[in-house]
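Chain naming follows the written order as A, B, C and D, and within any one chain the residues start at number 1.
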Amino acid sequence: MIRIQTDDFDVGAEIARLSSGRHGIGGVVAFVGLVRDMVGERPIEAMTLEHYPGMSEKMLARIEAEARARWPLEDSLIIHRVGRLEPGERIVLVITASAHRQAAFEACQFLIDWLKTRAPFWKLEETDAGAHWVAARADDDAAAARWTVPPGRDPEAAE
Amino acid sequence: MIRIQTDDFDVGAEIARLSSGRHGIGGVVAFVGLVRDMVGERPIEAMTLEHYPGMSEKMLARIEAEARARWPLEDSLIIHRVGRLEPGERIVLVITASAHRQAAFEACQFLIDWLKTRAPFWKLEETDAGAHWVAARADDDAAAARWTVPPGRDPEAAE
Amino acid sequence: MKLLYFAWLKTMTGVAEEEVSPPPEVTTVATLLDWLKARGPGFAEALADPAAVRIAINQEYARPGDPVRPDDEVALFPPVTGG
Amino acid sequence: MKLLYFAWLKTMTGVAEEEVSPPPEVTTVATLLDWLKARGPGFAEALADPAAVRIAINQEYARPGDPVRPDDEVALFPPVTGG
């Protein structure tokens, strides 16, 4: 399941909802992304997450479907917040559940790696030197590139 | 921090406690291990976790210290339950927090892989055919072996 | 044709969303970008480095040679930075 | 010397914890195991396959050649299966 929302989410409740009554699940992996207070040497006052409504939902759903096709997951969840967030606030939640932990770990990393390079969200950081759009990170591209895709199955055909 | 307890734990509360007010944390990874309802073809009625009091705390603390030495973690937590647990119940929680997600993912996997092969806990499964001690899994050994250790730094000197 | 701009492409062009009717020679992503660049300094600057701009046609990532049609929704945005 | 048994080593020997005074020739893990095996069929069976038994001396994993001393706490258990 995927959700894009301005409201915060409850990590424990989401893990419980996803795993409750499903006793084939042996391992759940959750990733929570948080707003940090510094970018390099400069303190961040806040961050605004913008997205492309319609395409962002579509890409998250496709990334999730890809993970479900690659790993034997019992369930999965992606929640991404949009709007203005302050340091320490939660931005994103990815949960994967599987019979065995290895599949859950790999699928969770895959989901956040691909989300970070393919889902149309952008961060505007506010610092004492003004607001600026965050630049894409080369190491995020490298992380996503680990998950080699068979030809014709890449959800982002252009890259 | 490490805890061994019979009581259940609250995953959301533990993640919040570990990350609250620490705005250098950009990513938190949590692993929750659950009691499954089947072992092969046979339904499990319950599972009893036994441990070696004293040594289990010592090994968990040492495994955690090793992870903190290898990865730049802002914080970490291991909770392992003991006693009788039914399918769907939580057994173990591992949380890692770091500025960047890669360190948090790797350290979390390292912790659960090493815990599963080095911390003195044992599972007694109850099925309709009686109770039996779970055998160690070769794939757990293989998972732990991924984290190659420099000579003289292995926390389990005998293996 | 509906155009959408996100992040600094929106800031630099000053446009979030617009309806345009490009001339008949605009048949691909590449020719659309060339036409847009000629619309003014904000557009020229925003689209100066094609490698810094991602294009989606009807919410699917597209390449420079992909065709664009009058009823398409075309979005222009920088590499994504969510998560 | 204090001996502790866990999991099926406890079940098969019928002992969870005991105080023993091995003879002077018991100086290592290996000689301790040989002495224990001679104590009865439960012990002989439980310790038949040395590869299936883990030993900790004073809560540290130990090897067959490691020394054991009269005031040690020696634990015998199968490969661990927690997590």
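One rule holds in what follows: a residue touches a chain if its C-beta (ideal position, glycine included) is under 8 Å from a C-beta of that chain, and two chains touch if they have at least 3 such contacts.
Model, not experiment: these values are computed from the prediction.
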Fewest hops from chain B to chain D - one hop per pair of touching chains: 1
Farthest chain (mean CA position) relative to chain A: D
Approximate Å spacing (C-alpha centroids) for the pair chain B, chain C: 49
Whole-Å separation of chain centres (CA-atom averages), chain A against chain C: 26
Rounded Å distance between chain C and chain D, as computed from the means of their C-alpha atoms: 73
Residues within chain B bordering two or more other chains: 33, 112
For chain C, residues contacting two or more additional chains: none
All touching chain pairs, where touch follows the definition stated at the start: A-B, A-C, B-D
Chain A-facing residues of chain C, complex: 4, 6-8, 11, 54-56, 59-63, 75, 77-83
Chain D partner contacts - residues on chain B that touch it in the complex: 33, 49-52, 54-55, 58, 80, 91-92, 112, 115-124, 133-137, 140, 156-159
Residue ranges of chain A touching chain B (in the complex, touch as defined): 10-13, 15-16, 19-38, 87-88, 99, 101-102, 104-105, 108-109, 112, 139, 143
